[in-house]
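Each remark here refers to the structure printed beneath this line.
Labels A, B, C and D are assigned to the chains in the order they are written; within every chain, residues are numbered from 1.
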């Protein structure tokens, strides 16, 4: 295993110390339990927006804590959802008395732990709502399964909901915005290489030099199928087609196009793929009015990428454009 | 051997040792069809359980089980944390204030554990989860029989497509792999059975 | 070779098209010759700050074009410095009549091509100055060698000079600021894996699973020496000690600490290393007053990191804090 | 064979073919002690040169050499672009308006090329650069002898530590590898010699 690492069991805590050191003006961090919260929180009268999940997806979620986005994040062990105690601690650090919105990626572990935390918080009198994010079209959605995974859309949902909360929206409005963003977002990803989880010490799967995993998640789970690695045009088409077909997106739509690196894919390749994706959308009569390009929802050092489309209306566009000041996403402030 | 709080604590320690010994196996099973953390999650969680028992062992079997439950819930995370935690919590409630566990109480605890896992996770037998190990275990009389039933149940997950948990994302590709949570459930029940014998 | 790529020979041009698509409000891009320039340039009366170099180091330099930083960048082929024509074209796109400052990483190829361009520009009556960036302490500096390489400090120099130019400083002042920043900056890097150049198709070097290259550059050149991979404490010490000893930095200094990923090292590890580096500096009585953490000066998908220290005074601190609006670095705007 | 503009253009095309054929070898040499692009850089550059010659071949040997120079300077980048470009530019100036190259003019052109490279790159013999190939070549009379001298000079770089160019970053680790620019210089001169014979 090639990593810059001390004790694998302490990687999350030690990394959080570095995050805190890097952004003293922005963040407060505790390691037991692991919580990242706004330096200027709690904000009385403001809805608190809290998310979290396994570590290894950085900058998600800790890198999105700050004015205009998340109030707090609770990072679990690598690829392991946080515990209810952690979630409760995160909420108590930022609860401004106007209610709490939990943004949860739809994985069994995340759902169960946030569910428990929400019950305990409600029992303590906190007005808490939960919105599940489930944008991954690689997974069939059905009542009888765990449902679609939450992947790239997470950063988009966190941004628009954070903007609404920052502007003073009440809990019901924040929840409505979150559900609208989730409803309009679809994603799909591929991997060229596997991530290596520190406590495992070897790659999560192996791929031949001419193979790619299509329909990959962000936890080193194998994808839906293994295919021959195609050129960039082929990769973008393999991602874009199922995304477009699922919602479906149609000519005339205005969208945000999010071209995400899984971590190890360099910007040179990512921008190349982004350009192809934009051109494909233009060809289909879909107007890209906003974009995000970079490694934002990652899977450690995995090479690969995902595309997320979010259908925009005026409200979502305005919320996307609103100022944000976090470690990983910042504009207008 | 009487089955008082000390005996239950000893059984839990034995389970912790088994889970730790099988950490890598469970990691490998979870790598094949999940995210590779199940062995590490349970090892970490049961490590905290042993630490909590070292600090003070509660007076009744029910209280020991409850300590296991709250520790797992607060320390493990992932799917296994709440599901294992709920199983132990329901088992604790089922045995109440009894100072010794009778075979009847053990059977009742197993059924309660199963009900708790199903209530939380909504999985049915055949969905390729720990329920496939726990459900047959909850139908038989003794811990020894439960362990054997759980082992068979865990093996029965091998040919299945998963409908719950991370393995469900794989579709047909999950076929041929044993569910890690079912395997760990069988390991824990076998450890309990041996400690009780 | 595992890359998201069409024709390897076209990778730079196709990636630039994606960059342009992603940032239409910010950038203008041409591909023949390859030039990235500010959408709002040229700015009459403003010193134009221009940089460039081989591609494969993204976001350097194109990601740093915009208000408060570079006016233009000229990306060469992967790991190959740009040509004089390209540099001339970049300058002509943004020359506002107040002079042009060329910021050049000290490599023979970059130096020679920028030198030729500068001669041709001067012959055309452009007031052009050149500042070489040479911060890499892994390379012995001597009159008889090519001198130290330009690495991590590049982004810091581009930021402070860009801020000075944006605020209306004249060419001499911009040059002075650039020289001051170069004089106060030192870097060192390590690699855990090698990058793969698209037109080569295989990794630039091979390392065993327990080895690291110490004193690596950003072009897949082998480093000064190969060592057994240590833990994160060891890696940070191996980087920090030669950096500190070189200037030297001393107790009482105020510094900017830049913890840079070479591309493939995930943020989880990078923040961990950053935390260790900050603590080491605290222990030595050096005060970290500003930080930058992320993949900013990269070498394609190479895993590894570098540390850069920049000694700060009031002027450099103020220039660092000034607003910047680029694809990769943005605050206050 | 007379050495007019057409003959010089033919020699340049021959050099382009050789450089292209040896692209991978030059990439490998540059990977060992540089950044792996030398073969690609020269292939790309000489490709544009051939394209320029296809469009129109100038009238004099000097004009052909100047076209090679400006094309390499404007299309190659890296260290090799300006250095090769300067070499051809100085050679072009050295031969002036002559319509045929005499052996004396060839020798003069080689010396001018060397002076240009040294003026731009400040390398001396023994610094492990293309100067190690070009300097001995510039001392002899004929193109054939120059090519042989350049080949020996290129091989002489193998045991050296580099003091210029990227290989200088490697210290002792550059020992045992041939300098790619010296090797390509020898290849180009051999192609010229064969075309002229």
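FYI, a contact is a pair of C-beta atoms (placed from the backbone, for glycine too) under 8 Å apart; a residue touches a chain by one contact, two chains touch by 3 or more.
Because the structure is a prediction, the values reported are computed rather than measured.
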item: Both-way neighbours, i.e. chains that touch chain C and touch chain A; value: none
item: Centre distance in Å when chain C and chain D are each reduced to the mean of their C-alpha atoms; value: 31
item: Whole-Å gap separating chain B and chain D, where each centre is the average of the chain's CA atoms; value: 73
item: Rounded Å distance between chain A and chain D, as computed from the means of their C-alpha atoms; value: 53
item: Contacts with two or more other chains, residues of chain C listed in rising order; value: 78
item: Multi-chain contact residues (two or more partners), chain D; value: none
item: Chain-level touch network, classified as line, ring, star, complete or other; value: line
item: Touching chain combinations (by label order); value: A-B, A-C, C-D
item: Touching residues (chain side chain A, partner chain C) in the complex; value: 1-6, 11-12, 14-23, 55-56, 58-59, 63, 78, 192-193, 207, 209, 212, 229, 231-233, 235, 259, 263-276, 278-279, 288, 291, 293, 295, 298, 300-301, 303, 305, 325, 330-333
item: Residues on chain B engaged by chain A in the complex (per definition of touch); value: 27, 31-37, 40-41, 44, 73-83, 120-121, 163-166, 168-171, 173
item: Complex contacts: residues of chain A adjacent to chain B; value: 9, 54, 76-86, 107-109, 112-113, 115-116, 138-140, 144-146, 149, 197, 199-200, 204-205, 215, 217, 219-222, 224-225
